[in-house]
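Each of the next two complexes has subunit A plus one other chain: subunit B in the first, subunit C in the second.
Now for the complex of A and B:
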């Protein structure tokens, strides 16, 4: 027993010290569905970094539900960069412990979001319920699958997209009515985007799944293109994917230069192209033009345009007792 | 934990008609089949759905290998620690009387009654950046949570009671007579422990180690909270399974899950073996644990 114990201590200390001898290592803490993108992007950056500086760089990934991931970073998970699907998750780091400055979104172009996505409808093959636009989702008896707006970025964007398009068409009262009807058609509220997709594709529940454009592509890869159709509504929300260096961590680890380069490279033609290949809408107009075929034009509105700011949207709609609770409780 | 069925005496002890007995046995077997056997088989079926080569590829993928390594490390640290703690706690509880004994017993049981997620969160509150020790740890550049130590801590926490709980009734049943005799004959405390107590509890200890190890390797909740999910750095097998599943990599997820299923089967086999050996050595047909319980009840 004694030797076993000693041996296990030796093994443990070897593993613990292992991290210290490696080259520069960056930890990218991200949300659930970006795995495929960073799987392609990380090797490209490693190559670029090697060519530029002659150094090898190790890139580590952590994926999970976006808000949970943000909380982990706030609690001390030492992320060099954080790549999320909405600004409030990075704002959290400014509020709790000042890990990033409050103006983090101004440090990089395009609101610090190198690519965007949008909410689209995924319907069963042949579109049996003839779903074409938002108004079709509130037809009586239709089942809509979407995740809980309180716990998932995916659900939040869906809610805001639904509200925004209705408000643009008929004002706030109409928007409230529309969203109420929409959520009356939702049989289950899954906790995250991935879980909602599984409900729709694997458990075969519902007539339409509302999700990110790039998630639809993931479904296509995994379940085959013949099993469903993607419907683009006439207007939708611009879902930004903001990124930031986590200042407190990089300054302590001395990895700021590499971390900043890692994020800047997202805006390079190569980074933008990898985004496009993963069905994330690139910001670079040239790359966007090249992949125009896979990104049908949709009228996109931003959160700021309709709701003033993310903070206002969060406070009015997703706080306890907020608009979402009101419309969902009325069901 | 305790398999009550093994405590039943051998032979027919009821007078119910045969059809009643068969109906009940049938019901129990159907239930076990539906809720245990079928899911277990389906794990292997899913893992092998696309053939052996993909199954093996999923297992030798570097991130999967790392998850196995980390799981082993966590178990290799947690189990010996719990052996030392469990033997010490059971020894003091069974052989001595002192104030606060019942409090100690209650504390040992705490991990059984606390949800693992809560256990994980308490560690985050303790060691997290905004936790009680967060500032100090970060000033001294010590990483506990979102690193290997946190995973080990969480594992130790949830597996705390397994060995102590196994040994306490056994040691209580054995009483302190043999130890007292040894002491009277001039043995030192350490000699008494080494030559009298340890041989007496060896099968119970082994049994506890097996259960403790199974839980240490399979723990999800507490570890998930403190891990940070860094691939190739803080991912254990159960966490790796969840990630792969969320990525629609069903073959990979179930291949890794099948490892845990194999672990469960090996645990079961070892447990049976230990019970059988212990029963034989004690020259008694009644399994070890049941014997201890029976004796303790007298």
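Now for the complex of A and C:
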């Protein structure tokens, strides 16, 4: 339904923009929470492109659940660039119809991920349950709010972060035990990250919400900075935000040059600053240093370090009968 | 073989042709595509997907809650229709219009409103939770949401039939010495029963497929409050198209069997009461 809706929106916007045929138009298909980032980034790129080539460029955005968006592109939505929050969503385009080459992640610096985020804890004001680190989340009686790893990228990163830190501390058996205890403390398993935020902030459910660092900033803007506290765990997962040009589409539309420039500009100091302002951790060390106070240092581990690869992580943990299903099956 | 018999009404051939074409295009084609997709699974693989504890629990919950919601609505919807048809009262038109609201409201809006009401800090929730009645984020919440969205189906199917019932029937029954209860149970109810069954069926069918409102209020805990449509979405999110199709096919088959059974009952009841429609 949502994809149909976004698609019809895209069609509508294409029809509406038909008047400006002379301009190059790029469609950026992205996930839900980058809306604010690209709202700031697109005008900056338009200005840059105008100065560099003298051309006007039209930028269209499509936002929705990450995997749903990827599916729309795989089934024909003509996106010039795709900007997601986990690599499997772009891998899908390589597997289905070869829309991008399989080595798409090597074409741009930093694993094709211009900025990263991490999982943090959001607790009630004053931290009444004294939550400091991962081990506090599995205390009996505590309620943890996080979204369903099966239906949301946010939940998937949370699960992998929880598993990863436990495995690093005590091996795989400990990780399995930890994750089991963690999910026993989850009273509501929302379908998406935003829904989990609503459950925690508006319904006042639970003692701690696990979410992206940048989502914590959204909570601050929406509900006021005094209403909660952000706790940084001692270690967490590095959540990459990979991007790619959709080769088959840009070659057909003749927009490759502009599309590549659009993505490369993400790594420019200006692009990195916009990311930092939206609480996405920039890759540029100078920009990161400038915004150091809003990004406390956290020991971050990557999916590849702990799980080998995204594909392995997906197969072992989220497939039917995988470790996540076992958590609930044992009951 | 040719249809020799001509109807009084013209345009039978064209009419039937369009009907079949339209049904094929809108209903049969998507369903056929679904079945074809699932046909690429072997029987064992199909069974392995649909017989896992989680899928079975979700199917039980989806169909159980839907049946319960449809039954609740069969009773209360009938009551609403009865009151709306039989008694004049101020604001009747307004109440009549209210009945359709669950139709018009986007289901997500319905889900969020219900959750806001029944959450532990909500208007109802703050009084219910201390009593130990948890509605939001439990299977009970699913029942509330399904009852809400499927109410209009019963009211709107029963209402016109009640309106068409002739007063003479009741008068005749009274003259023959029937008590009020006898008039209701022997004269009125049998006449309304087929429509009530249709309403029940529609409400049930609508409830089984409901997704938008339920996910907000359900809590979505596997094995406890996870509905089958959510499992389908979950599988799609992992690009497991075949797994999603398998569950969809099972839902389709169960729905079809149930709808067919209800239709049989309906046919039987209208024959028994000598009403041919």
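Everything that follows uses one rule, which is that the second predicted complex is superposed on the first by the 310 of 331 C-alpha atoms of A that agree within 3 Å, B and C clash if a C-alpha of one lies under 4 Å from a C-alpha of the other, contacts with A are read in each partner's own complex, and residues count from 1 in each chain.
Rule of thumb we're sticking to: a contact is a pair of C-beta atoms (placed from the backbone, for glycine too) under 8 Å apart; a residue touches a chain by one contact, two chains touch by 3 or more.
Fair warning: this is a prediction, and the values are worked out from it, not measured in the lab.
*Asks:* So, does A:269 touch the first partner subunit B, the second partner subunit C, both, or neither?
*Replies:* neither
*Asks:* Examine A:218 and indicate which partner it touches, taking first as subunit B and second as subunit C; both and neither are also allowed.
*Replies:* first
*Asks:* Pick one for A:319: touches subunit B only (first), subunit C only (second), both, or neither.
*Replies:* second
*Asks:* In the superposed arrangement, does A:64 touch subunit B (first), subunit C (second), both or neither?
*Replies:* So A:64 only meets subunit B here.
*Asks:* After lining up the shared chain so the two structures overlap, which partner does A:98 touch, if you call subunit B first and subunit C second: first, second, both or neither?
*Replies:* Neither partner.
*Asks:* Which partner does A:150 reach: the first (subunit B), the second (subunit C), both, or neither?
*Replies:* It touches subunit C, and subunit B stays clear.
*Asks:* In the superposed arrangement, which partner chain does A:188 touch: subunit B (first), subunit C (second), both, or neither?
*Replies:* In the superposition, A:188 contacts subunit C only.
*Asks:* Taking the superposition on A as described, I'd like to know which of subunit B and subunit C A:35 touches: first, second, both or neither.
*Replies:* first
*Asks:* Mind listing the subunit A positions that touch subunit C in their complex?
*Replies:* Going through subunit A, the ones touching subunit C are 65, 67-68, 71, 92, 148, 150-152, 186-191, 195, 202-205, 314, 318-321, 325, 328-329, 331.
*Asks:* Inside the complex, what are the residues of subunit C that reach subunit A?
*Replies:* 49, 52-54, 115-116, 119-122, 136-137, 215-216, 219-223, 226, 230, 233-240, 243
*Asks:* Where on subunit A is subunit B touching in the complex?
*Replies:* Subunit A residues touching subunit B: 1, 4-5, 7-9, 11-12, 15-16, 19, 27, 29, 32, 35, 60-64, 69, 72, 74-78, 96-97, 194, 218, 222.
*Asks:* Tell me, which parts of subunit B touch subunit A in their complex?
*Replies:* Within the complex, subunit B touches subunit A at residues 69-70, 73, 76-77, 80, 83-84, 124, 127-131, 134, 138, 143, 145-149, 152, 228-233, 243, 246-248.
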